[in-house]
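Two complexes are shown next, each including chain A; its partner changes from chain B in the first to chain C in the second.
For the complex of A and B:
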């Protein structure tokens, strides 16, 4: 089957607005992106025509590929697509298990040697058509749970506060755009007294950082706004560094705002513990092999204003990186909505939530 | 009994008198039984009286203190020991009749960052002092060597209200005062002033201009054709170094200028390089501190850093952000070099950036995002505040940040780089490791 046949016009009409929103960077908040994609997939599943789960998986994979290509540097849409694929596959395995109970587990090494082809055949043989509507509702239920998980991600993270912050501690956060960090700190205030240092993150998040510190100060948290350059100077006074993340990879490394990696390196130099806050949906089964490809570059006019013609004429390169890759050894603990994990353990959590065969969508 | 009293030191006597006076006043007040309304009236009367009275130094000081009204001290508790601009202004002796006009202008230029950088601050200060000395007249019944130091101290006090003295300025002032005290009383005034002025000229030439020349020649060995150099902010010596490499040694190389808020001194370096027409030979890349991680991924051969001071424990005290760059270069095995004239060496020791630092205005971080702070003089600011009242023009979320008791904005100017990050300190006395700073200081003192 070619992609044209799989992706019907109805599906296209569903995907297109989401894709253009992504391309135009109108969906900025990670949580919103995740929710939008999950809801989109739910609609796609209900609209599309399929007679067996394998066809559905094919459709979702194609949709995932289209979304991925529209914004290749955004990791979260791919995560959600793979999570949905995981849900579908889990359901089909159960069905399979009912029919063919001695079928080997997918996650074992043994499955590496078998081909998917045979499984497909088996499923096709095994599936009577009436079951699809049943499966449809089961999958929809699974996605609804996923949506719930994403929307309540902050509550899950907040539960760990009391174990992590002691009274009168000085914290530093270099990610003033992170909603999770904001919720985390506000919630922590109910149990502890502490001081938060917030970096400005100039030029990309400076306004957000101002809103961030204002919010914190309004919640009676002792807040200090510092320029990015000051992080080394104050690090000797900082008890813990808390960072928000854009995506977490299977090796335990993560993507965060530009400027975070130097703060984290600085913390390492001072032996200050670093916490990364990440919802489960930010965990990706991918490995960051080509770091340069991961990092998105933004408007260089923010770095060197175009008005400044004298400088612009003479400069060769101006870069405004939006993200930084942070290697796993610089992060002590990841705080997710299902608990805290060392960065070396992330690969296990990833295996629990994704199927290996979906790592590549094309 | 009377003998015992006479034994009391003058200080104790003063205190005793003060106490007596206070007690007397208290008694008077209680006796007259002033009502609050009367008090108000009295206050108004007093205020009018003060307006009428002539502008003696002490009165001026009082007035200034009154205009301050409330001391809005907004410094985070960790940094409470650092002096704010308001405090500096409040503690300053506003003896403007004693302060030379050249010092007044210089102070203003310091405080609005028209003159930044240790070197240019030092040079301009010495030039201003030259004018002060030229216009100086020894009052009768004193000698120049005694009174001039005192006169200069007043100028320096005022100068400090703009920004605290830099290490090199402190060193230079110490030297100048010593020179003044060396002048014998027998020399006539005109001659003495001439001697001092020529000494200042020599000092500038020797300690800044020739030193820089030597440093530049020394450091230029590290820049080879086609290499990639990274630098942070603006440093007078480094600017000369880059120009020298192009204009006199005909080298071409890549230069990465890293910059940071709020002063954007990197742009100043960039602009000066463009003005001196060397950008054909230097490929310039401009980056902000935040993208340092990806900038450093490109192969940087050597990092050149400017210095504000070298402390005697080998630490480099420089523009905030320097330590961050030195640290990251160190972990990536990129050699870090710093160029520093020996006038910037200090016998102070310091272990972290928080204990001693210069606190700049917090407002600089809020009001303008993309341009260096454009400061008005303190008096003008006060005037604008009075005229405009409470309405504020800017609509940024932190426009009224001072109303939030829990919010602080920290704007410090320097940080401290540990010696292990620095491979080499290039001075006019030769290149040395940071651990040799105290050695140089000792030699310097002995001569």
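For the complex of A and C:
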């Protein structure tokens, strides 16, 4: 079957605007991306025609592939697609299991939470017509839960604050663009007094870092903005490094802003603990085999001035990387909305939320 | 209901500015000029329009359309002239632009008769498609500008200045920046505070022969405190225009180019009183430029590969069938590219789908199209190879462009600046000298087996055989620009050949000039023979026009319009017009006198008082008043001596009364002009009277002062 037959014009008209937004990098905020994709998939499921779950899975995979291709370096759209696929697969497996009246194995933590609800639906299983419409609503419910989870991600993260931050501690954050880190710190202020050092993140996030510092100061948190180059010098005084993430891979490594890598290396020298803050939706079932291919390279104009002709002429390549890959051994704890985990444990959480067969969408 | 309302708001531009951009965004129109009416991309543009030439393996027009779509513009008019059918079918066959979900509504407007941008604009105005402010952009723009900022700037200026007519987008660069046009660089005189453009001056070529601009002081009168004169801007021809732009083109049907004619015309016109503003982005990550010559083609290609225009980069995959991915050092590869193990892909390279690169081949700073076969041990540097080309083993390409479906044999040497057209075949072991262009079909050109080989297919395209000159310009440019080695210099020389050709062609075509589509240059290039011929024509026609008007008692406006039309079509100055008018008037006076219908005095009063008003729109400056007087006296002195004094006296008096001639100028002229004393005797009285009046006045004034 070609993609043309599966992807009807209605679906195309739904995904095209999202795709062009992704392509133009207008959809940047991770949370926005996640929510947009989740809502998009919900719409796709409601407009698409399918008689059995296998077909639906096929459609979602195709849509996922199209979305992925529009911005291959962005990990989150793929995560959301796989999460939705997971929801669909969970439902269908259960139904099959129910038919065979085999009780499902407690294979994952997710199913632990979802099984009891399903028992009431058993009666309807026999009738195929009703089954699809029923499945449709169950899946929609699943996606709605996913959307809730994404939109309330910061609340989940905040729960762990008291255990992690001590009074009068000095924290360093090299990711001032992270919304989660901002909320985390502001919430922490309600329970603890501490000082935050924020790196400037020149050139790409310098405005965001100013905004970040301002926000923290408004909440009466003692905040110091430091140049990126001084992170090693201040590290001896820092109690904890808190980083935001763009994506977390199954091996426990993660993608974060450019400049974070050197900060965590400094932290390693000083044996300073590094906490990575990540919503569950940032967890990806993929392994970072080719690290260079994961990193987005941005506008060269931010690094050098385009009108400086004499300089530009003599420069071979100007590279403005937007992201850094952080290997798992440099991160001590991932703080997610479902709890804190060591980087070595990430693979297990990935297994709880994704199906292995969806790792490859094509 | 709703759409009606929208239209209403759009129709009145003032409302728009105040109500914010939400209303404007509802429906914003853009005009894309797909034809530049230039010949800079010859011979490639002989078979394919410029906007469909591939830039980084994507047709140029896609970049412009991407910008428009990104800007939230929803109606796009593609103005097509040359190769209109190709552009039309491209848009029709494009999945992206043809799909229902596409936010852009693209309409091809074919105007085959257009020979210049001005013609296209007039044609568009006649069709009445444009309803409000619109974006005027050429089909070869590459930019990642934030349109909302630009629109905000435009609306702000519009609210501040009701005469605001046009906002031009300029990009900061440096005078010798590689992306800046070497072909038509221009200096802008701007008001420092408001960014209002006060004067525009194109500087002929970058070779430094002309280094000054002349600005009339008058233009600076209403300027703010500080002026800046900038010669470091890239003019990317993105303009937000208000509706009067179209009507201005309509009124001034001699306007051909957007900048040299229109912008200059508007800025220097005393009548229009419209203002133009420039938007210069301060964000270092914003990029805007135009592919308007091979030189900028080269530099913009490299800029895109070097991610200056991010997020507009190859791995954004603008068109659906692209699948580029980025690798470090700015290397871009599509799916199914086959690279031999020993080949070396160096920095800033882009390779299209299904291309094969052979063993030992080195590629640097180059773009390879789709389905290309590159042999073994080939060296490709700073070159652009378009789709489906085959390059034989051991060839060496440097600063060249290879058109689609070409075949280059083994061990071919291509020297810098050479351009191989579509479907050309070049035999083994050949050497293509610098700046040679080869095309597939050339009826008028000579086949040259020495260059393309026995089994080769193609002809040498020579715009002109002026190689000595072009070489000398090359060296001149090189010495002047110093460090700027690379394709620029060579392409630059290529450009100068081109401009030279234009001149040459004009000389040859002489009279056909206006009708040949490819020589729509500015009017700077006038040739005497042409002038004389046209002068005579104009003289005859003009005289007849004015006489006809007088005889048939047309109203003055009609007569003026006819005369003006004639002036523009013949391309003569106002001096000629005045001369013709005076001759016609005098002719009529003589007719009255000789037929004894009227006495000299009455005849002159009658004719001049009713028809003298014509000079109101022929005489604008002080110098022109003096010119008018000189013409008058010259012509009158030729008349019968019996009455010529009276005629002169009366005519000057009438013109004075009509406020066409000012006292000061008459006196000034009187002082300077000492010829034709005989005729002047009667006029002297008038002058004396004027002088006395003047003195009295000044006395009175001084009296006032004393009090």
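Here is the rule we use: the second predicted complex is superposed on the first by the 334 of 362 C-alpha atoms of A that agree within 3 Å, B and C clash if a C-alpha of one lies under 4 Å from a C-alpha of the other, contacts with A are read in each partner's own complex, and residues count from 1 in each chain.
Following the convention adopted for this analysis, a residue touches a chain if its C-beta (ideal position, glycine included) is under 8 Å from a C-beta of that chain, and two chains touch if they have at least 3 such contacts.
Quick caveat: nothing in here was measured; it's all calculated off a predicted structure.
After superposition onto chain A, the partners chain B and chain C occupy separate space and fit alongside each other. In the superposed pair of complexes, A:226 makes contact with chain B only, with no contact to chain C.
Measured by the number of chain A residues touched, the leading partner among chain B and chain C is B.
Of the two partner chains placed around the shared chain by superposition, chain C is the only one that A:17 touches, whereas chain B remains out of contact.
Of the two partner chains placed around the shared chain by superposition, chain B is the only one that A:234 touches, whereas chain C remains out of contact.
By the touch criterion defined above, A:353 lies against neither chain B nor chain C after alignment on the C-alpha atoms of chain A. Contacts of A:25 after superposition: chain C is touched, whereas chain B is not reached. With both structures placed on the common chain, the touch criterion links A:265 to chain B but leaves chain C unconnected. Using the contact criterion defined above for the overlaid structures, shared-chain residue A:213 touches chain B, although it does not reach chain C. When the shared chain is aligned, chain B and chain C each come close enough to touch A:318.
In the superposed model, A:305 lies in contact with both chain B and chain C.
Closest CA pair between chain B and chain C after superposition: 9 Å apart. The residues of chain A shared by its contacts with chain B and with chain C are 292, 305, 308, 310, 316-320. Listed in rising order, the residues of chain B touching chain A in the complex are 76-78, 254, 260-262, 267, 270-271, 273-274, 279, 283-295, 297, 319-321, 323-324, 327-328, 331, 352-354, 357, 365-366, 369-370, 396-398, 401, 404-412, 414-416. Only residues 9, 12-13, 16-17, 20, 23-25, 69-70, 72, 292-293, 297-302, 305-310, 313, 316-320 of chain A touch chain C when the two sit together in their complex.
Every residue of chain A that touches chain B in the complex is listed here, in rising order: 170, 195, 197, 200-204, 206-207, 210-211, 213-214, 216-218, 220-234, 236-237, 258-259, 261-262, 265-266, 269, 292, 295, 303-305, 308, 310-311, 314-321, 324-325. Remark: chain C residues 69-70, 99-103, 172-174, 176-178, 232, 284-287, 306-311, 315-318, 323, 325-330, 347-348, 483-484 touch chain A in the complex.
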